[in-house]
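Taking it in order: structure first as C-alpha cells, then the write-up.
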Amino acid sequence: MIDTTVSIAGITLKSPIVTASGTFGSGQEYAQFNDLSRLGAITVKGVSHEPWLGNPPPRIAETHGGILNAVGLQNPGAKAFIEKDLPFLRTLDTKVIVNLCGRTVEDYVAVARDFEGVEGVHFFELNISCPNVKAGGMAMGTDPKMAEEVTRAVKRATATPLIVKLSPNVTDITLIAKAAEAGGADALCLINTLLGMKIDIHKKKPILGNKIGGLSGPAIKPVAVRMVYQVSKVTTLPIIGTGGAATWEDAIEFIMAGATAVSVGTANFTNPRVVTDILDGLVAYMQNQKIKNLSQIKGIIE
Amino acid sequence: MIDTTVSIAGITLKSPIVTASGTFGSGQEYAQFNDLSRLGAITVKGVSHEPWLGNPPPRIAETHGGILNAVGLQNPGAKAFIEKDLPFLRTLDTKVIVNLCGRTVEDYVAVARDFEGVEGVHFFELNISCPNVKAGGMAMGTDPKMAEEVTRAVKRATATPLIVKLSPNVTDITLIAKAAEAGGADALCLINTLLGMKIDIHKKKPILGNKIGGLSGPAIKPVAVRMVYQVSKVTTLPIIGTGGAATWEDAIEFIMAGATAVSVGTANFTNPRVVTDILDGLVAYMQNQKIKNLSQIKGIIE
Amino acid sequence: MKKMFWAEAEIRDNHCISPDIYAMKIIAPDAAKNAKSGQFIMVYLDKGELLLPRPISIYDANDDEIEIIYQVVGKGTKALSQMQPQQEIKILAPLGNGFTIAPDTKKAALVGGGIGTPPLYYLAKTLAQAKISADIYLGFRTTPILAEEFRALNNGEVHIALENGTDDNAHKGFITDLIASQNYDQIFSCGPEPMLRALAALTARTSTPTQVSMEQRMACGIGTCVGCVIKAGAQYTRVCCEGPVFDAKEVFPQ
Amino acid sequence: MKKMFWAEAEIRDNHCISPDIYAMKIIAPDAAKNAKSGQFIMVYLDKGELLLPRPISIYDANDDEIEIIYQVVGKGTKALSQMQPQQEIKILAPLGNGFTIAPDTKKAALVGGGIGTPPLYYLAKTLAQAKISADIYLGFRTTPILAEEFRALNNGEVHIALENGTDDNAHKGFITDLIASQNYDQIFSCGPEPMLRALAALTARTSTPTQVSMEQRMACGIGTCVGCVIKAGAQYTRVCCEGPVFDAKEVFPQ
C-alpha cells in the first residue's frame, strides 16, 4: 500500500502534486479534464489588495522549450477573488494556496488581512519574485533583508501558514531562502521565472509589451532542480519545487533534489491533463519501486 | 554591397559570427566542414597557466533544449596550447580569441604573461564565469569588486585587447559589466552558462560527476538576449552576445539587443556546419533587407 | 462555464488549398456538436521545443467533424501541415464566445481579410440556414481563398478585393472601400487588425453594430493564464474567454 | 587529423531485429570506405528539444553503406527507430580510433555484451578476411542477438551466455566465465562496464593484450568539447578521440 501524502506546515496534502500560481486559474477550467481532488493543492492566480490592471499585451512569447510571460499579475483584487473564485475552490476536496502579491510591505500585509476570517484558504504563498512587477515583486525577492522583512510582516498579520516563493534571479538563492526562514516562513516555493526577452526581428521590437518577461517551462528545469537542491541543504523548511516540471519523472527529480511537493505550471498549457498524467505516473512508479512513502526518496541526492 | 565586418577594440572582424570557447576546440576539427576564414573570430578552449585535470565524468547531460556541461576547463596548459594548437590557428585568415582561466588573480596574470611575445593571439577572453571551477572561476564573476580587480590586473599585464566574459548567475549583471569596464575591459562577452543540475532518477544521483554544471543551448537564449539588452544600455563597450544562438535569426536577435558580435557554442554540437549556415543566412538577410552595415540594426531595441 | 472537450482525435483530411494554407478535418463529435461560428480550437503539437498549442478558428463543423483552415507561419503550423490522415491530434474545443446573431437581424455583412476569412464561413452557413441574407466582403493581398465556397451558399453578394492583385472580377484596393455599412443590421468581421480598425471606424459612422474577431498571442486558451489580453476600454480583456469576438466599439473606441 | 565526413545521407533500411533493437543502413560512400571496425558515427536528430547527436557504433560497412545497430533507450533513439527508408539523415563518420589488429595476431577472442555486441561484427568480418581465427563470446541478459551472423562468418567458435536465459545452447551466467584468455594473442571487447572490468581483470592475469571499447555521455564527438572523458591512469581521456577503443590496462589498471 503506497502513501502519496506529504505534509507542509502540519497540513497534509493528498499528493505532492500542486498547481502553480497563474497557470491553473482557480481550478474550475481544469476540473473538466482532471479530478482535482487528487491534487495536493491548487495555487490560485496572484491576488492583490486592490485590483491590478496588469501589463500591456502581448504578454506571451514562445521560446525554445519555454515560454515568456509578462502578465503583470492582472487580477480583480482580493474582494472579487473571495466572492467569485473561492466558493468553487471550497467545494473541492483539496488544499488551496492563495498567492499574494503587492508592491510594498504594506500591500502584502493588506492582502493577507483581506482573508481574515475567510474560510477555505489553507496556505498563503508570498509572491516576492514576480519579475513583471516594477516595484516590490521581484525586488523584494532579490534582497535578503527585504525578503526577511516582508515575510515577518505578513507572518505577524496572519495565522495562515506562509509559503515564500523565491526568485531565481539572484547570485545566491540560499541567502534569500535563509532570510525567508528567519522571517518566519513555514515553507518555500522555488523557483519563480527567470528574466528573459525575445525580439521579433521582423518588427524590430520585443515581442512582449513589457519588453522583459519571466521564462518558464522545461527549458529552465535544470536551474530549478539545482536551486531546490542547494536550498534543501541549508534549510529544514519544506520546499515546493517548481520550474518546468512536465512529467512524473520530473516530479521525482524535484523530490530527489529535496522538494516535499512539486508544483506544475507551464505544462498545464502544453497538456491540460498533465497533472493527472503526472499523478498516474507517480503512483505507478511508487508501486513498481515499492516506495511506500515519498520521504524515502526525498532529498536522496547528497 | 553589404559589409559584414564589425569592430571590437579597434580590430576588424570579417563577420560578427564568432565561435564560443570550449565548443570549437582550436578550430581544426571544424575546418573540415566550414570555411573558417569567414568567421569573425575563433575563441579557443580555456587555457590556464598550468595544465588542469578537469572534472570527473560524466561531464555532459542533455536537458530539454539545452545541455549541461561540467568539463571543468580541462586543458594541457598555455605552453602546450602555444606549441600544439596555435600554429594551426595562425594559418587561418581570422582572428583568434584565447580564453584565459585561473583560480586566483595571480593565475590569470600568469597565463596572460605566458602569451608575451607569442604571435597570433588577437584578443584575450577573461573567463571569470566558468561555473565548473571551485575557487576563482565564477566566484570572480559574481562579485563586482573581484571582477574589477582581476580585469585591472590582467589588463596591466598585457597589451592584448581584453574581453571579459560575464556570468549570468548574478542578481544584476549590469553591475558586473560596469565593474569590468571600470577595470579596463575592452569588450564584454555574455552570457556564460546558467548553473543547473540533472538527476538520474533511476540511479538516484546527479548525472554529472560534478553534480552541478553549466546550462547552455537554445533553452537559455531568452536569458542571454535579456542580459545583452540590459548590459548594452549601461556600457559603451562592444558586446559579444552568446547563449543559445543557433540560427541566423538568433544572431540578428542578439545584434538588435545590442551585441556587436555573436558567439556560437552549443549549436556546433547540434550541427557541425552551423556557423556556415548562420553566416549564409545573415548575408541573405542583409541583402534582402538592404542592410549595408550591421551598425544599422545594432541595439535597435529601445 | 462553457463546455469544452479534450479530444485525442483522428485527422480525417489535411491538404493544401492555396500556397501555405491548409484545411484539416478532425473527427471530434462532441466538440463539433457544441461548436458555434467564431469559436476556435486549441491544437496541441507533439513538438518538444514548442510548448504552446495553436489557437485556430473553426472553419466549419458538422455532426462529427471540425474543420479548420490555417496558414503555415512558423515551425508549429509547419508541423501541423505535415500531419497525415488517420494520425491522432489532440485538441481542446470549442473555445471562446463566437459570433452572436441578434434575433432581429435581417441583413448582415461578413467582412474577412486574408487568413481571417475562414472563420466567417461557418457563420455564413449558419446565417444561410437561418435565412438571414448576408453579403460577403473578402480582402486579400494577392490570392483569394474560399470565394467559391462562399458563393455556393448563394445567400448574398460576394465581393473580393485584392491589394496587389490583377483579377478583373476583384476590386483593386482595400475591402473596406466597398462596404456601405448603412445597408446592414449587423456586420461581422475577422482579419488583420488594421482592417478591423478601419472597418470599426466606418461602421461607427453609420452606427451599424459590428462584431470583430480578435487575435492575440495565447497560452492556455481557457482563461487561466490571462495572457491573451487586448485593450478594451480601460481594461485588459482575454481574447480566449471574453473573445475572440468583441463588439467593435469595445476594442476600437472612436 | 583523421578524415571524417559530414553527410546528409539517405536511409536504405531501418528495421527492428529484436525487441527495442534496430538495424539501420545508411548510404554514405565516403564514410563507409574510410570506416574501420570499432569506430562510431554521430547521428543527428531532427528533434528540437534534443540537441545532441547520438554516437552509435558501426556494425558493418560496405562500399557505399554504413550499417548501425542500436537500442531504443530514450526519446532520441525512439525517433531514430521511426525513421523510414529514403528519408534523409545527417551523420558524421567515421569517428574514433577503432580496434587495432596487431600484425602478429594469430588467434583472437571477441567478447561482446548486450548492445555492445554489434560493433564486434565488423571486426569479426575483418579478422575473417585477414584469416585470423577468432572465437566469439557473447553475453546477454535474456535474448541473444546476431549469433547467427557471427556463426555465418565461420571463423571460430561462437559462445553465448545468458544471465537470465533458458537456452540449452547457452551458458547460464556471465560470458566471462567461459573465456580462457591464455589461449588468445589478443582480446577485443565491447559491452557494459562491469563486463569489461571483469574481463580486464581476467586477461591481466594471463597478460593477454586486451582492447576494450568504452562509452561515455558525449557532445561533439570530434574532440572539441572534452566532454566524453573517462579516467585513464591519472588523466581524463576523451572517448571520442583517444577512444572509444582503449588498452584495457589503461582504463582498468589492476
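Here the chain labels run A, B, C and D in written order, and each chain numbers its own residues starting at 1.
Definition applied: contacts are C-beta pairs under 8 Å (C-beta built on N, C-alpha and C of every residue); 3 or more make two chains touch, one makes a residue touch a chain.
It should be emphasised that the depicted structure is a prediction, and the values quoted were computed from it without experimental measurement.
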Touching subunit B and also subunit D, the following chains: A, C
Identity of the chain that, by mean CA position, is farthest from subunit A: D
Chain pair showing more contacts of the two, A-C and A-D: A-C
Subunit C and subunit D: spacing of chain centres that average the CA atoms, whole Å: 56
CA centroid of subunit A to CA centroid of subunit C, Å: 36
Euclidean distance of C-alpha centroids - subunit A vs subunit B, Å: 34
Cα-centroid distance, subunit A relative to subunit D, in whole angstrom: 47
Touching two or more other chains - residue numbers and ranges from subunit D: 48-50
Multi-chain contact sites of subunit B, meaning residues that touch two or more partners: 61, 64-66, 217-218
Arrangement of touching chains [line / ring / star / complete / other]: complete
Subunit B to subunit D touching residues, read off their complex: 22-25, 28-30, 32-33, 45, 53-54, 56-62, 64-67, 69, 71, 74-75, 207, 217-218, 266, 268-273
In the complex, subunit C residues that touch subunit A: 1, 3-4, 6, 44, 48-53, 90, 92, 216-231, 234-236
For the subunit D and subunit A complex, residues of the former touching the latter: 48-49
Complex contacts: residues of subunit A adjacent to subunit D: 64-65, 218
Sites on subunit C touched by subunit D in the complex: 47-50, 75
